[in-house]
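What follows is a group of structures, each given as C-alpha cells.
Consider the two complexes below, in which chain A is the common component and chain B and chain C are the respective partners.
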Partner chain A sequence: MIGFAVLFIVIAVSRIEILSVDEYYLTHIDDIKKDSQVVTVSIRCDTILNNMDKLAPELRDEKYVPRDGIILEETQYVLRPGDTVFDVLNRAVRYNKIHMEYQGERDNVYGSAYIRGINHLYEYSCGHLSGWMYKVNGKYPGYGISKYKLKDRDKVEFVYTCDLGRDVGGSFYSERN
Partner chain B sequence: MSRFESFHPLVIFLYYVIVLFVTMFTNHPIVLLCALTGGIAFSGTLSTGRQLLSDIGFYLLLFILLSLANPLFTHNGETVLFFMNDNPVTKEAFVYGEFIAIMIIAVIFWSKCLNQVMTTDKVLFLFGRVVPKLSLILAMALRFIPLFKRQAIIINNSQKTMGLYAADNIPDKVKGTVRVFDSLIGWSIENSLETADSMKARGYGLPERSAFSIFSMHRSDLMMFGLMAFFLLLFFTGKHAGLLIFQYYPTLGQINCSGRSVVLYALIALFMFFPSIIEIMEKIKWKYLESKI
Partner chain C sequence: MGRLVVKIVSFVCLLLIINPVAAFAEHRDYSQPEIQQTIEKIIAWKKSVNKNAKGNLISNEILGSAGTEVSDWYVFAAGRLGIQDDTRAYLEMVKQNITKRYKSEGKLDQTKATEWHRIALAVLSVGGDPTQIGTNSDRQTINLVADGVYYRGRTKPLSEQGLNGLIWGLIVLDSMRYKTPADALDTRETIIPEILAQQLKDGGFSLDGEQTDPDMTAMAIQALAPYYNSEQIYTYVSSWNNKETRASVRQVVDQALKCLSSLQRPDGDYSSWGMENAESTCQVLVALCALGIDPLTDQRFIKGENTVIDGIMKYRRPDGGFIHSFTYDEENISAKPDQSNSMASEQALYALTAYYRYLVGYRSLYDFRPEMTTELKKEIAQLNQDIIKLKNSGNQNTSTIKSLFARYLEVPIEERCYVYSYQHLAKMISDGNLSNTSEYLAAAMSITEKGNGAVTDLFNTGSGIYEDYLFTDRDYQDYKSIPDHPSTAYYPQIIVLLGKISNAQNAEDYPGVKEDLEAKKTSVEAIQEKIDDLNKRIMETLYPFEKLGIADKKKVDQIVEEIQSLQKSDQLKIMGYEDVIRAKTQIDSQLRALVIGILVIVMAIVLIAVVVYRIKKKRKERLPDYEDDEDLLCN
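Now for the complex of A and B:
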C-alpha cells in the first residue's frame, strides 16, 4: 500500500520539471549568421481594438492590449532543424518575457500543443468566439501548432481573433463552404 | 433542541438557501470568509468542541489539497512564482484556489449544520404536499447514511465478540472489513423489505390520509422572513453596484474599503453569524435562569 503510494509520488514528481523565473527566461536564442535558416514571428491582437466592449474588464489596459495591437513585432529567429511552429513561438516568447499558457501536446487528443493565452489574453477573453490562431506565409494551416514543421524563410503570424477567425481573414467555415 | 431549530421549517430552509446562494455565487474574499467562519461557528454551537476541532483538522487538509489543485491547472496571473513544465505557477492562481477551497468548505460546513437542523419530519412537512414521493425518498436516503454507519459499528462489534477481529496485517484487515460490509449489505436489503412491509401495514398510500405536524408560524418567524427579504434586497443592490466583484486575474484587485462596502460586509457577516449569535444568546439566557434557581 505504502509502496504504491511512494511509486505514484515518484512517478508524478519525476514528470515535473521546476524552473525558477530567471532560469526560465534565460533562453538561448541563436545568433543569426549568413548561412543560418530563419523564420519571422509576430504576435498581434489588433482585432481586440475594435471589440473593446467585449473584452473582459480587467484586461482593458495597455499592458495587456497595446495601443497598436502589437505584442511582438515581426522579428527574425533562427530556425533549428526539425523546429515546429510551437518550438519557435516558445523560444520567442521566452526570450521576450511574454506570458504564455499552453496545453501540452501530451495533454490533448490532437497530439498538439494548444495556446490558451498569450500576454494574459486568453481564449474567450474577448467574447465567446475569441482565441489565438496562427498563419504561416499568410495562410491558416488549419491544424495543430506542434504538428507544423517550418521551412527556411517562413513567416509565422499569431493573431487574436474575436470572431472565430472571420475577422482575421480565415475560418474553417468559409474555407469549407 | 437549539433555538434556531425551533424556527418554522420554511424559515430554516429559506435561510439555508440564501446562505448557500450567497456563498456560491460570489467570489469576494470577505463574503467567503464570513460564510466560512459563520458556518464553523454555527457548527461549533451545535456540536461539542472536540468534534469541531477534529472537523477543522480534516477540512484543513482538504483546504490545502483544494488550494494546491488550482495553480496546477491554471497558469494565469502576473506574479510568477516559478515555472512547472514550462507553464507559470502564479500567486494569483494560488490565491484564487484558496478562496475556492474556502467556498467549498464553507458550503460543506453549512450543509453539516443543515443536516442536523433540518430533520426528516421537517423535510416531509415542507415538501410532503408538493412532491410527496420525492420528499419521502429524500428523507429516507438522507437517513440511510447515518443508519448504515451505526449498523456497521454494531456488526463490527459483534464480529469482535465472536473472536473475528482483524489482526495487524493488511490483508487480514481488508478481509475483516469485507466481511462486515458483506453482512451490512445483506442487512440493508432485509431492512428495506421490512421497511416496505411496515409502511404497508401502517397504510401508506391509502387515500384520505393526513400527516400530523406541530409546526406553526410565530411572530419571530414572520420577523425572520422580513429580515431575509431585507438582506436579499441589500445583497442584490450591492452586487448590482459592483461592490461584490473581486478581481483575481491577471493581477489581484484591491478590496473595496469605502463606507458603503464596509456596511455591506458588516451586514453580510451579521447574516452569516445570525444562527450562532442566537444560539449563544439562548445559552447565556439558560445559564442565567439556571443560576437563579
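Now for the complex of A and C:
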C-alpha cells in the first residue's frame, strides 16, 4: 500500500507528460535526435556594415542592423519531408520572432515566394543594388526559394547584398532570390 | 590539312551540341491582320491557361492578383487593345488591393516606387483615374501619381531602386501629360537629366551602372521618347566618367539607338544576361514604336533580312503563347524552352499592341489621352511625309524649310513627339543656318490634373464596356450559385457581378440582386479582416514555443475557436495553422499534466490518510487482544 503511495507521489512530482502518440509527435516535431534529418539556417547582413552611408536613415539602428551583422546565427532545424528553403526560413523567422515580409507564389511572376524584407531590411534599403539572396551549401541557386527542395545536412544562408551579389560572392545574374 | 578538317568537323559538332534546339528566324513582313491574329492567339492561349477558354482574359485568377505583376500587365494589354473584358472588376479589385496595402507602413511597397507606376498605368489602360482611387488611412482618396512620382520624395527618393524608378516615374507623368505642382519634389526638369546621366560609354543603359542591358536601354528610350524632338540642352554629370555633360534628349537617344542597333542579333532578337530572349526583343520593339521608327524598313534594326518583329516571332509557339528563351535558363526555372511562358507572352502581347497602334496611327503605348482629332492626325501625317520628301529631294531651299517649320509650330506642343520626321527638319534647319525657335517640350507637358484614361477599341469588336450592359440570365445563374455565406474565395465573383448589375440597363428586371451582392461583399470583407487579425495574433502569441504556458491557454483556445468557425477554404489563409494546433496541444498537455499531478497528489494524500487511519485502527484493535491474553494467563 505504501509502495503505491510512494509511486504516485513520484509521478506527481516529476510531472511526466502523458500524451497520445500523435500529440507527442506534434509537440516534439522539431526535437533534434541522433537520426533526425536536419538543415541549418542563418541570416546575415554584414555587407550593410560597409555601406552605412547608403542605408535608409530610418534603419540606422542596431535593432535592424545588428552590430555583428548576424540577424540569425546558424541554427539547426529538423528537416520535414518536402521542406523547401522557404518553408524552413518561414519556420525560423516565426519561431524567433524575426520580422519577415514576403510575396506569395501566386502573386509572383516566377511562381515562387519572394522575400521582400527580413528584419525590416528590404530590397533597395541600402542602395539600388541591394537586396536579399540565399545560398545553399555555399552556392547561389539563383531561383525562387519555394522551388528549392532541401536535403539532409543542407546549409542555408540568407545574406544581404549591397552590390547585386558581387559583395557576397554571388554572380551578377542572381538578382532575385 | 587533315588537322584542319578535324578542327572544322569538331567545331561544327560542338555547335550542334551546344545549340541542338536553336530555332532560326524566318523573315516575314507581317501584315496588320497577321499582327492582329497573333495578338488574338496570345489572348486565347492565356485564357486557356487560366482554364477560362470561353470567358474573359481578366479571369478570377487575374482579379485575385490585381495590383501585382502577375496580373497588371495583362490587364494593361487588354486595356490598350480596348477589348471587351472584365475591366470594371479589375478596377474594383485593384482599388481594394490599394486600400488594403495603404494601411501598412510602406503602403504599396517599402522601397519601390514602380509599384505605384505599374498600377497607375494599368488603371489608366482600363479607363480608370489613378489620381483618385482607393482610400488611405485618413479616409482620403489616393493619388497614385502624386504618391508615386512627384511627391514620392517625401517618403523615399524616386531613384531609390535605381534607374527604373526614374524611367517609370517619367512614363507615368507623361501618360496623361500630368501637371506637377509647385511643391513637387520630382518634376520633368529633374527626372530627365537624372536619366540622361546614367547613359554609359557605349550609349546603353544598365541596372548596375556597368553592364549595358538592352531592356534597360529600350525602357530609357521609351521614357525619353516624348522629348526626342525637344531642342532643350540639359546639363548633368555623366555617371560613367564623372564629367559634366551637355546634351539634348535627342542626342542621348540617338546614341542609345546606335547601341541597340549594334546589339541586335542575327535573328533580329536581343540577348540579356547572356541569353537571347523574347522579353528584351519586345522592349526594343516598344521603344522603336515610341519614336515612330518603322521596324520593317529602318536599316539600323534589320540584320540580314530579320527585323525585330521576326526576332519576337521566333519565340512564338503553336499554341499561341511565347517562350522566354530557347536555352534552359537556370535563373528562371519556370521558363521552359518548350513551354509557353507567362511573362514572355505578356510582353509579346503588349509589344505587338504597341506596334499595332503604330501601324494604324493611334497614340503610342504609354499615351493614355483621348485620340487626336482626325484633322490633327492628318496634319501630322502629311507633315511627316512632306519632311521626308524634302529630305530625299536633295533640294532643300530655305522657303520650303521655313514653311515646313511653320507647320510644325502649329502642332500643339504636347503632340509634337508624333512628328516623327522632325529630326530631319531640325537638321535641315541647322544645316541651312536658320534659327530653330521651337519651344522646349518639357515645360509644355504639365497639362492634366485628373481624368480617366482613354480606351480605344483597336479591333472594332464593339466594346462599350459596361455602358450599355444588359444583365443576362446567365449572370443571374452565376449570382445564384454564390452561397448565402460565401467564403473569401467568392470575392472576385461577387465584385464582377456587382459591377455588372450596377451598370446594367435592365437592373430593374432583377430586383434585390444588387443589395444582396453588396451585403455579401461586406460580409466577405469582414471575413478577410478577421483572417488578417488572426494571422497577426498568431504571430504575437505563439512564439517562441518554449515560452508558451498554461497562462496562454485562453488566448490560444480563442484563436483555435475562431479559426474553426471559418470555412475550410478560408482556413487555408491562416498562416501557421499547424503551429496553432501544436501550441494548443502543448498547452493542453501541460494542463493535463498539471491536473493529473494534482489529482495524483490528492489521491496520494487520501491514500496516506487511509493508510494512517488503518494503521491506527489496527493498533487499536490489537491492544485489547493483548489484554485478553494477559487476563487469561493471570487467571
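The rule we apply is simple: the second predicted complex is superposed on the first by the 142 of 177 C-alpha atoms of A that agree within 3 Å, B and C clash if a C-alpha of one lies under 4 Å from a C-alpha of the other, contacts with A are read in each partner's own complex, and residues count from 1 in each chain.
Here is the rule we use: contacts are C-beta pairs under 8 Å (C-beta built on N, C-alpha and C of every residue); 3 or more make two chains touch, one makes a residue touch a chain.
Note that the coordinates shown come from a computational prediction; the quantities given were computed from them, not determined experimentally.
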{"item": "Which superposed partner A:G117 touches (first chain B, second chain C, both, neither)", "value": "both"}
{"item": "Partner chain(s) touched by A:Y102 [first = chain B, second = chain C, both, neither]", "value": "first"}
{"item": "Touched partner set for A:L19, first chain B, second chain C, both or neither", "value": "both"}
{"item": "Chain B or chain C, by number of chain A residues touched", "value": "C"}
{"item": "Contacts on chain A seen with chain B and repeated with chain C across the two complexes", "value": "1, 15-19, 23, 101, 116-117, 122"}
{"item": "Residues on chain C engaged by chain A in the complex (per definition of touch)", "value": "64-65, 68-70, 106, 109-112, 156, 159-163, 207-208, 211, 273-274, 330-334, 342-343, 539, 542-545, 576, 579, 581-582, 585-586, 589-590, 592-594, 596-598, 600-601, 603-604, 607-608, 611"}
{"item": "Complex contacts: residues of chain A adjacent to chain C", "value": "1-2, 4-5, 8-9, 11-12, 15-19, 23, 26-27, 29, 56, 94-97, 101, 103, 106-112, 116-117, 122-125, 128-129, 142-144, 147, 164, 172-176"}
{"item": "Residues of chain A touching chain B in the complex", "value": "1, 15-21, 23-24, 58-59, 64, 90, 99, 101-102, 104, 116-117, 120, 122"}
{"item": "Residue ranges of chain B in contact with chain A within the complex", "value": "75-76, 78, 80-88, 170, 247, 249-251, 253"}
